[in-house]
Amino acid sequence: MRLIVNGKLRELDEDDHGAIPLPEMLKRFEIDPRLVAVAINGDVIPKHDFAAARVHEGDAVEIVRMVGGGA
Amino acid sequence: MRLIVNGKLRELDEDDHGAIPLPEMLKRFEIDPRLVAVAINGDVIPKHDFAAARVHEGDAVEIVRMVGGGA
Amino acid sequence: MRLIVNGKLRELDEDDHGAIPLPEMLKRFEIDPRLVAVAINGDVIPKHDFAAARVHEGDAVEIVRMVGGGA
Amino acid sequence: MRLIVNGKLRELDEDDHGAIPLPEMLKRFEIDPRLVAVAINGDVIPKHDFAAARVHEGDAVEIVRMVGGGA
Amino acid sequence: MSDLLTVAGKEFSSRLFLGTGKYASPEQTVAAIEASGTQLVTVAIRRLDLDNPNARTELDYIDWSRHSVLPNTAGCKTVDEALLTARLGRSVTGSTWVKLEVIPDPKYLLPDPIGTLRAAEQLLSEGFVVLPYIHADPVLAKHLEEAGCATVMPLGSAIGSGQGILTLHEIKIIIENANVPVVVDAGIGAPSDAALAMEIGADAVLINTAVAKAQDPVLMAGAMKKAVEAGREAYLAGRIAAKPFASASSPVEGVAVIAKSGA
Amino acid sequence: MSDLLTVAGKEFSSRLFLGTGKYASPEQTVAAIEASGTQLVTVAIRRLDLDNPNARTELDYIDWSRHSVLPNTAGCKTVDEALLTARLGRSVTGSTWVKLEVIPDPKYLLPDPIGTLRAAEQLLSEGFVVLPYIHADPVLAKHLEEAGCATVMPLGSAIGSGQGILTLHEIKIIIENANVPVVVDAGIGAPSDAALAMEIGADAVLINTAVAKAQDPVLMAGAMKKAVEAGREAYLAGRIAAKPFASASSPVEGVAVIAKSGA
Amino acid sequence: MSDLLTVAGKEFSSRLFLGTGKYASPEQTVAAIEASGTQLVTVAIRRLDLDNPNARTELDYIDWSRHSVLPNTAGCKTVDEALLTARLGRSVTGSTWVKLEVIPDPKYLLPDPIGTLRAAEQLLSEGFVVLPYIHADPVLAKHLEEAGCATVMPLGSAIGSGQGILTLHEIKIIIENANVPVVVDAGIGAPSDAALAMEIGADAVLINTAVAKAQDPVLMAGAMKKAVEAGREAYLAGRIAAKPFASASSPVEGVAVIAKSGA
Amino acid sequence: MSDLLTVAGKEFSSRLFLGTGKYASPEQTVAAIEASGTQLVTVAIRRLDLDNPNARTELDYIDWSRHSVLPNTAGCKTVDEALLTARLGRSVTGSTWVKLEVIPDPKYLLPDPIGTLRAAEQLLSEGFVVLPYIHADPVLAKHLEEAGCATVMPLGSAIGSGQGILTLHEIKIIIENANVPVVVDAGIGAPSDAALAMEIGADAVLINTAVAKAQDPVLMAGAMKKAVEAGREAYLAGRIAAKPFASASSPVEGVAVIAKSGA
């Protein structure tokens, strides 16, 4: 499955439903879900919906964290 | 006929159609049409439409001129 | 004996030598010598010379203290 | 005869009195007297005294003109 | 030197726009306009006094063949008031130009950035030539330029306050970014303020109170004319950069020194 | 309007004094002097080049029948150097006027208050008309006035720095107290600076670098002329006071309002 | 003295908000935060580096039990970008607070008044506590307050420029009119700037670059803490009014005079 | 951090010198001195009231074991008056230190550069430690330093005027050139002024009116203490340079973007 993650094309093996659960995707990237926020195709996924969320072929995914910054 | 002209109630004799042509109204107030602009119920009447314009019972009429001013 | 003390004429009984010791003069004004400085005819009298100093007829005496002030 | 003129050592043939009239000195330098002021050993020579003024061995002579300047 | 200002296709040799309010008399108004050399004068639009409909005003004394008129929307607190006054102004003056002011605040007379942009967009769609009065906000200025305004008119300080160009820094940025003429409006109190505005590259200034309320308005009008020209010429002439140190303007070498005879 | 400046009995219709240093060419010097309208030009006194004693300088191109000359003591670090240069200047120019400068510091070219007063007292005793260049120190200015100086010439900022009138506050006090003309000297970088100096009541300004080193000195000279006149006229015309609040320049009453038919 | 700042119901004893960008090291960041005494620190929201997803940042070193977090939308040029970043920030920080920045211009980083108001209205409808970064435009500030923003955060000068409070006059007007806390954001370069902002009645200041890029950020953080407290206390203590004249601070009468013997 | 100021061999950990005039009560004087943390307080020398020779003054309430005394010559218009008052001050206080003021002008209380130097030279020859109050004239400051004065004390603006540091530019030059401590005296109106003076490198500030006439002098004294420390620490910490442009304090890269499904 091809995804655009943080602006870059990524290839991931999809499950038999042609999708990947969000927690699974984060796991494959070795990302700690507690430290990030995720938007799929521009929609921010609430933390409590992570478990139910899935990514599909061609989805644009943004995974962010907080960093030092002022203005 | 009662009009609100520049915020004040004015009584004018109407013609048999229950209206007054704008030029007639201006004439009664001794106003030189060339020096003023007129809005009836919030709509500005173009100069070339003065002749055809009429005021009716209860109309709100604004008659303005230019005065010294900067900002 | 007439003196000008801080700009005002003062009458004091002189001793038999036509003069008054400075400590005596300060005593008569009930002034604590430790709190003041004294100039006689424009010359400042050092504290250690108070005992030996004398005022004479017509002397101009300045007696000052410190007060609150900045500039 | 040696002179210090504007800070530089200059050799000039002296007359038989061991001196040189100022106008003569200026002439030798091809200087128009009307355009300059002269000081000999720190003393400014008034224009009307140029004719009578003489320079002697070892004199320090300043010859100046006006130039563009503001401050 | 030919150095014309072009606003919406109209050329001006004078870069001083003058308001016509607050003068002591019509004669004074006219004399000040003459002394200022202005070619564009602003006017306000107000209700006719029905009890005295033919009273003459200072404006009846102006030679309109030599001065263009710029009706304003002064006094309008809302977008709707400004739209109505702009349309009335166009009708009475016959000019499509409007000095757009949307000013909710009576104490500092500061313009509303949101309302001004909205009103500008509407008036532009109706064919007006819009010259908006704005706070010296470079991003707002860019929005108005992109909307199609003929100029931007940032304030130097509060209208009529005479505090000068308190917004110098922001106005420099507006000028740096602008593709339309920048007219410094409001706050100018003295010729030095007008000259400064022009020196930093403003295309024109608009002045009213500083002239009208001077002790001698006509003399001040002439002074402002010279100041605007001086500032513009300085901008074209290229001023020296300010330096933290001194730089002698007389030769450093060749000072005469005192020396006594070496004899 | 007749508004003459009188210095030591000599009348000037131009209140702009111009320096003659730092120009690119003699032609430029002359053209700038013409454009400025100045009637008093400063010159420096320097050693003649004995190897080229008849070289012409920019000054040979000036029409001295129309401009008074003001020799200066620029470059003098001590009282003695200033006295010698002043006397040489009097001899070479034939003028008893001297712009007195005693400047020990080469970096900021700031004048020595002690040395300047001492030199002024000596030169006055020798019959000179002394125009001292000073820091904007009101008490020093009063000392020099009382000594008999023809003017006081406080600095706006460092010579040639173009930083403008950093000493505005002190110069206002000097003007308030002075019984001789106050000439703002040094620091003026642009016409707005010159206008400001005149607006606060200075009697004249002296400019050199801001004109000579502008990209177009002749155009800048004309700009400075207009600015000095504008500032002087504004001073005479009586500027408005700066106010913390706004003051509308259009009538507050009578704005048209939107009302729908009451029918 | 109990003098708490309340923003959206949350109380702060420190009136210094600190940014966390541009420090040389995480240790320095933490030390500066400690020295500043701040209780509210801003953070940015950025893409995770997928090639290094568990890299620690300075923020991992902060004791979040003692400092509230304020995610910002820095870097967002449009309303949509700001909305997405705000929502992501809420998700990752768990805070509903957002320092709203809509900044189209990269050179001066000046905020967009139109876009900022639009984004604020949307975020407020989604339950955010919005602290908008704005130009010092009093009318815009009032719009944002009326929309329901928790504060207004006018700029003193360009972000990171260290030019100080160039907008002093406008900020005074904003403070005079505001019913929400006014936080001076951007431009503070030194403690004197921070003190000045507080003296005129600002409720707090936000600082980042002036601390992070000082040669000794930790020492500067402590200096800023003292300056903010000094300015606040001065505001409460009631400073003297500035007067154009002097006023002796020692008694005028009673100076000793020289007098010789009258004998 | 050990950062001591040394004046004439005496060390001070506090860089705030405080005047003792104009307070509402002795209690307030003492409380303000305590709150300020000052170690050097100025006093004036005045004639004793012979009709009430033992009246206590605020000074009787000060713990002189913890504060050094600096008698001044305030009120002296001439050199002779200043010499007499200095000598009387030394006799009554037992201190050889003197804050030298020679002030002929009552309206602006500006010091006399000529008289101050003359008086300083005489007092130095008599063994005084002289701290002269001067106009911010760098050349005069250098004269006084070379004469042997322990400090120079340039004014920020007129005594008691609270106008702040109007002479910032000149004071920077004085500091750049000085080999003795520079104490900014007079004009400070608020903590931001005190901080600014310290930030540019002043060694100390002297304040009286801004504290004594504040609505709450004790609170203001504490604010001034913090401001002086903040300014000093900022000077040591190395402030950022002011830049004309912005500089983002959040990362420029990595902002999240909106993208719809490519499916």
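Structure notes:
Chains here go by letter, A, B, C, D, E, F, G and H, matching the order in which they are written, and residues are numbered from 1 within each.
The rule is short, and it goes like this: contacts are C-beta pairs under 8 Å (C-beta built on N, C-alpha and C of every residue); 3 or more make two chains touch, one makes a residue touch a chain.
Given the structure is predicted, the values throughout are model-derived calculations rather than measurements.
The chain pair with more C-beta contacts between its two chains, of B-E and F-H, is B-E. With centres defined by CA atoms alone, the chain at the far end from chain G is D. Per-chain Cα centroids separate chain B from chain G by 55 Å.
Spacing of chain D relative to chain E, judged by their CA centroids, is 62 angstrom. Annotation for chain F: residues 19, 21-22, 44-47, 72, 74, 84-85, 88, 108-110, 159-160, 163, 208-209, 212, 248-251, 254, 256-258 touch two or more other chains.
Residues of chain A in contact with at least two other chains: 7, 39, 42, 62, 64, 67-71.
By the touch criterion given at the top, residues 248-251, 254, 256-263 of chain H touch chain A in their complex. Every residue of chain B that touches chain F in the complex is listed here, in rising order: 4, 7, 39, 41-42, 56-60, 62, 64, 67-71. Residue ranges of chain F in contact with chain E, taken from their complex: 1, 19, 21-22, 44-47, 72, 74-76, 80-81, 84-85, 88, 107-110, 158-164, 189-193, 195-196, 199, 208-210, 212-217, 219-220, 222-227, 229-231, 233-234, 236-258. The part of chain D that touches chain F in the complex is made up of residues 5-8, 10, 29-32, 35-39, 42, 44-47, 62-71. Across the complex, chain F meets chain D through its residues 18-23, 29, 42-48, 50, 53-54, 57-59, 69, 71-72, 74, 84-85, 87-93, 99, 101, 109, 133, 159-160, 185-186, 206-209, 212.
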